[in-house]
Amino acid sequence: MALQGTRLAYKEYMVEEYVLTKEPFYLPVADEVQLFEAAHAQKVPVLLKGPTGCGKTRFVEYMAWHLGHPVTVVKRRSSDGDSNRSLPLVTVACHEDLTASDLVGRYLLEGGETRWVDGPLTRAVKFGAICYLDEVVEARKDTTVLIHPLTDHRRILPVEKKGQLVEASDGFLLVISYNPGYQSALKDLKHSTRQRFISLEFHHPPRELEKEIIRHEAGVDEEIANNLAKLGEKVRNLREHGLQEGVSTRLLIYAGRLMQKGISARRSCQVAVVWALSDDYEVQRSIEEVISTIFP
Amino acid sequence: MALQGTRLAYKEYMVEEYVLTKEPFYLPVADEVQLFEAAHAQKVPVLLKGPTGCGKTRFVEYMAWHLGHPVTVVKRRSSDGDSNRSLPLVTVACHEDLTASDLVGRYLLEGGETRWVDGPLTRAVKFGAICYLDEVVEARKDTTVLIHPLTDHRRILPVEKKGQLVEASDGFLLVISYNPGYQSALKDLKHSTRQRFISLEFHHPPRELEKEIIRHEAGVDEEIANNLAKLGEKVRNLREHGLQEGVSTRLLIYAGRLMQKGISARRSCQVAVVWALSDDYEVQRSIEEVISTIFP
Amino acid sequence: MALQGTRLAYKEYMVEEYVLTKEPFYLPVADEVQLFEAAHAQKVPVLLKGPTGCGKTRFVEYMAWHLGHPVTVVKRRSSDGDSNRSLPLVTVACHEDLTASDLVGRYLLEGGETRWVDGPLTRAVKFGAICYLDEVVEARKDTTVLIHPLTDHRRILPVEKKGQLVEASDGFLLVISYNPGYQSALKDLKHSTRQRFISLEFHHPPRELEKEIIRHEAGVDEEIANNLAKLGEKVRNLREHGLQEGVSTRLLIYAGRLMQKGISARRSCQVAVVWALSDDYEVQRSIEEVISTIFP
Amino acid sequence: MALQGTRLAYKEYMVEEYVLTKEPFYLPVADEVQLFEAAHAQKVPVLLKGPTGCGKTRFVEYMAWHLGHPVTVVKRRSSDGDSNRSLPLVTVACHEDLTASDLVGRYLLEGGETRWVDGPLTRAVKFGAICYLDEVVEARKDTTVLIHPLTDHRRILPVEKKGQLVEASDGFLLVISYNPGYQSALKDLKHSTRQRFISLEFHHPPRELEKEIIRHEAGVDEEIANNLAKLGEKVRNLREHGLQEGVSTRLLIYAGRLMQKGISARRSCQVAVVWALSDDYEVQRSIEEVISTIFP
Amino acid sequence: MALQGTRLAYKEYMVEEYVLTKEPFYLPVADEVQLFEAAHAQKVPVLLKGPTGCGKTRFVEYMAWHLGHPVTVVKRRSSDGDSNRSLPLVTVACHEDLTASDLVGRYLLEGGETRWVDGPLTRAVKFGAICYLDEVVEARKDTTVLIHPLTDHRRILPVEKKGQLVEASDGFLLVISYNPGYQSALKDLKHSTRQRFISLEFHHPPRELEKEIIRHEAGVDEEIANNLAKLGEKVRNLREHGLQEGVSTRLLIYAGRLMQKGISARRSCQVAVVWALSDDYEVQRSIEEVISTIFP
Amino acid sequence: MALQGTRLAYKEYMVEEYVLTKEPFYLPVADEVQLFEAAHAQKVPVLLKGPTGCGKTRFVEYMAWHLGHPVTVVKRRSSDGDSNRSLPLVTVACHEDLTASDLVGRYLLEGGETRWVDGPLTRAVKFGAICYLDEVVEARKDTTVLIHPLTDHRRILPVEKKGQLVEASDGFLLVISYNPGYQSALKDLKHSTRQRFISLEFHHPPRELEKEIIRHEAGVDEEIANNLAKLGEKVRNLREHGLQEGVSTRLLIYAGRLMQKGISARRSCQVAVVWALSDDYEVQRSIEEVISTIFP
């Protein structure tokens, strides 16, 4: 209403049309690319384990791009002749109120009729997209009903509300992630679910690699990038000093970006690392000591 | 909408039309096929007990195929003269948000009117299909209202929202599964439910049988299959070393499939068995030692 | 939709038209038939207490048949001149999600209007049927609102959503059941509810009677029936050995039925009794010992 | 639908038209009738305290009848010239799922429009009826919003969904009941609610009175009635022997009614008193001893 | 429907039209009137603390009357030339099921369209009324979203369902109440809410004042009023004897009213004070002793 | 309805049109303005930590004003040529019933059709507004699904109910706040969320600054402002004496405002500080002692 006649800058996509248009920046640590390729070819579902911000989402995006190029059965928008397209990637950040209906779809009222709208998982199943369920243990348990028949020899999605079964298209692969650090009795992955995936373990990148990532993402010079990577390494070693989880690469990049805008190195690290990681005075002091040795 | 004009590879079925079109690969361990046949003929409901991935779902599929052939009252799609069809099989993976309405059906709004849509259980009852409720103790308790009158002499499904009762067709059989390993006070099968079923106990297959299964499903040669079956046997003996549940045949097949794509045996076993089974470093070490003796 | 043109074998009834068309097989243990008759004549509600599968449901069906014959005010289908009809019997298996609306009725949308649909209890109240609420303590507490005014001198059902009160027809009787073995603080019958019913206590039938029941229901000969009844008696004496609840007559009938299909006696008892009753190895061993003495 | 053309015996009333057409049988114990009259005249709300089945509901019905006669502002059905009518009485058995909407009213869809339907409390407020909320502590807490402004000087019912306030008609009186025996931290009446009512305490009637009630209600002779009243008195003295709550007059009447149908005195007392009161063998034995001394 | 043609005595008001038409009876204890006036003039929200029935609601009504007279921007009904009107007062008794929608408003279906209906808080905000949220800690936490922006410099009500913000009219003031005696960890007012209000502490009125109130409200003579006020004072001193909360002035007025109808003083005090305050025999005895010294 | 023809003083805005029209009064403490500017320029999300009422909301308003001036891509109302406009600011006070739908939007029925209405977060994302989620840990966990993809390199809002993704406009920045003092296991910010923001720590302003704020906001003279600031400082030092949280600047301003209306200093401080902060007699005494030394 009030928006009529306004030129707004945002863009909207249908979920399954959300394809990456340029190669994501990802530096492989080991043979994770080959393992993912093999799993995708063999239709073996994949579980990514690892701490917050260690690059799991970026890796899935990289694989979607990578797998999208040799493969040619990928859907294209009619108005777009560009073949530089990734495999479609449908990402869902799971949370404790996410239900099966949120993933599969629901009926909406329209013109006095109910119209069915496919959910993101159904769209991925039909399109043969990669469906990435981030932190799947957080989701409500009725999502299990969807994961199980999709991850055994049947590769079938039950759409209960329509009384239907949908067989997955060829390219479809289910990828889930999970942070073992949060593991608790209540939120653990049940074995009947877990044993349906191969697992790839992720850790924070080694210093050399992290330096490259920071340099690329924050736009800082090699020295600053190296110092920030060194900071990351040292802060992660502080975990026994009351720090619940190590610093993510993302926060180090934030520090770099603030420096790019003229904020001093130590102040940048304070707001992007110290205060961001902890509210505890003692822990904050420990991290600040580390910073002062790196950025004297 | 956005899907118009797109040739998508997925297939959709009505639940009760989901019949197996080729014989499932299943190797009987004992007389479980004869017991199931007798129970089906006598209309005695069946409970399958056993750990994750030991073949319960596959067994039910095999029985649906097996019972579908001699029997000729099975429904056929009009466009399909093929008599090589299984008994229809309706499978529901239960979970803690699954309600009676999900199984029986609900009213939908359409053209300003409410239209009733049968749920998967009602479809099975009307069609005389096998209805397999996987991990039934996970379902909400209102499903009990449906199971009880269907599993005594009445064989009746109450469709409360319509004020109706549906008498099951002849071929109908209710099969449920349950993993005693998960048994807890809260999630135990009530005796008033449990004593309505005969019970078949399943275990992981013996090594010779498992070797055959792996060979068939992963496409690996006899030696690799044998080694993977040996691995399965040994890992299951590690259960007292902190492993909550033994490795499923499915994970061993995954390992074999990755090898088929050129991944080394030890790396394949690491991602498909070690990391898939546990997040605990000590447990992982124990399994890796077993692997290194089998795949030196 | 997909069902068009398909000859399906199932039958549908409106709840209140569900009358028994042949006499249920029931062998009285004591004067329970006379007590129920007196209560029905005096409009005194009845509570049936007893363990799983001891025949409570069958008894209510027998009484519905029995009371339906001398009495002639019973409703008949117009197309049916047969006077061999029971009193209508409306049975509801209660569960923890069963609400007052499920019992009383609700509004549905139809052609843009809301249409009221009576629930099973309202149908029973209007028809003067017996309404049997099985395991009533499992139901949600709002069902109390319905039970109380129906079980005192008022015999009135409040239909809150319509702002109405319905006076019960003459034949109406409320019967509830309850298993004292499950009795817990949370699920106990409140005294304000309990003191509105006379109570009949049921136990497993004595051996001679149980033999007759097994013979009739499983179609086995006298010797096998006797052996199975003996087995029942002995297994119930094992309750102090960790068995939560004694074996029901139903399971003994299942064992007999499997034997009728050629399964050996000991194997039949194993799947119908041992595995059905317990997942505990020690308990299973105890029962198998009993079986081996009876079926050597 | 299926009910068309069937002559059914049930009767339906609008809630506010439910008036007693003959004087309820009630024998006053003390000056409770005078107190209730004074409270009604002074518009002081009334709380009735007492155990299950001690006559609270009957007392309210008696007062509705009693107050309805001198007062002449009571509503009459047009087709009914009879002035022998009670004050309308709206009774709601409260339970833990009862919400404010259940009491006040809600919108229903009809012919594409929403139509408001007053709930039982609103009907009582508008009609100037007595509204009796039985066991009010069981209701959901949002009922408080209705009770408070109705029970102070404002005598106003907020109808939130319509944005309205309704001032009570003159005859309106709110009466609630409550069983102190059930009193628990969670279900206690809050002082801010409790201090809005005068309280009348009820107990089981003394023996002479109870004898009269039993004689009248069960139709038994004086001797049996006296024996049953004696039984009631003695069983209530057994409370320290593990009996949670004394026997209600209602159960004693049930015993009398069964005797009227030819069931022996001891058997009648067993099903109407012993089994109805307790599932505990020891407690049952104690009560049966009392019975055998009274009905030798 | 059934109400057609019936002359009913009740009155209905729109919430914001509920203005007091005569001065409420209120006797100030200290400078609370001046403080409230200052807060209203300065747009400072007010929290009233104090026990049940100590006069908080009456004080707000008094202030609405008092502030309504000098101020002339108050809305008037067109058919009403009377300028003797209070500031509109919107009172909501909070409870644990009260949601933000109950306060702000909701969409209703009407003639196939949704129509928005403002809730009581929105009506107060638009009208510039006093909005009194009684026992606000009882409300659901989503009411916080409304209280916060209304109680800082913004004075804005977010109407989320319409995507709107409403700026409060000039006269609007938010007043909340809270009983510190009930204070518990779960139900405490969060500091981020609490520090948005000035607080006025209320206690039971001193004896002289309470005597005047009782005399006025119950219509009793000075001596009885004095005795009842003395009773109130003494009963409140019994709090350490197991009495959870002191007697409210309201209950003392009830006792007086019953006396006006001829009930004896001691019996009136028994039902209006003793039984109303406690179910505990010992506590009841203590209060009755106090009564017998005052009304010998 | 009843509002027709009434001239009401309130104003309504669409959420995204809520722009500040004059510069908010904010006195920077350190370089927080520069840090926020850098973060906004670099699209780095911001977390504000600090106690109740220390100025976090005011700071965000100041930054919206400040950033709105140099930047010229801000939306304007067509009827308004004024360029003195802030960046649009969408503020949501989070609470434990706030769901993802409340933030993203929902379908409404209108004229028989469902119409989608964007929620406040979607409006902010499309407009490129600052979206401030106040006390975000209080919100339901499904809000996480929205925060995560909006706070990494994707800057995407998933609109699940429409199957869409919305890419944020350029100016969009997500700001959240959080009070570490309330930090509990249940309500803590998960690291996977927390590590997506730089953090700015806020404290109560130093005395000199607070004096200026009080003087400006309450309109009091320098001496009173200074005394109130001194009071704030001293009361915050009482935290170890049982005071859960220090006094907010807001309450000190309230005290000043009451003085402006002629209420004495000590009485003003009593209702605005002592009673507002605590219900505990001892704590109240301690604060009053402080007051009596400052306002003798």
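The letters A, B, C, D, E and F name the chains in turn, as written, and every chain counts its residues from 1.
Heads up, the rule we're going with is that a residue touches a chain if its C-beta (ideal position, glycine included) is under 8 Å from a C-beta of that chain, and two chains touch if they have at least 3 such contacts.
Owing to the predicted nature of the structure, the values given are computational and were not obtained by experimental measurement.
Minimum number of contact steps separating subunit C from subunit D: 1. Least step count on the touch graph, subunit C to subunit E: 2. Identification of common neighbours of subunit E and subunit F yields an empty set. In this assembly, the chain whose C-alpha centre lies farthest from subunit C is F.
Although subunit D and subunit E carry the same sequence, what matters here is overlap: shared residue numbers make up under half of all numbers found at their interface. The geometric centre of subunit B is 61 Å away from that of subunit E, both derived from CA atoms. Between subunit D and subunit F, the centres computed from C-alpha atoms are 53 Å apart.
Centre-to-centre separation of subunit A and subunit B, using mean CA positions: 30 Å. Residue positions 14, 109, 112 of subunit A each touch two or more of the other chains.
Judged by the touch criterion defined above, the protein chains form a single closed ring in which each chain touches exactly two others.
Touching subunit F in their complex are the following residues of subunit E: 14, 16-17, 31, 34-35, 37-39, 41-42, 44, 47, 49, 73, 75, 78, 99-100, 107, 109, 112-114, 125-128, 140-145, 148-149, 152-153, 158, 160-170, 180, 183, 190-192, 194-201. The residues of subunit D lying in touch with subunit C in their complex are 1-3, 5-6, 8-15, 18, 52-53, 57, 91-98, 102, 106, 108-112, 117-120, 123, 134-135, 138, 179, 182, 217, 244-245, 247-248, 250-251, 254, 257-258, 260-263, 267, 271-272, 275-277, 279.
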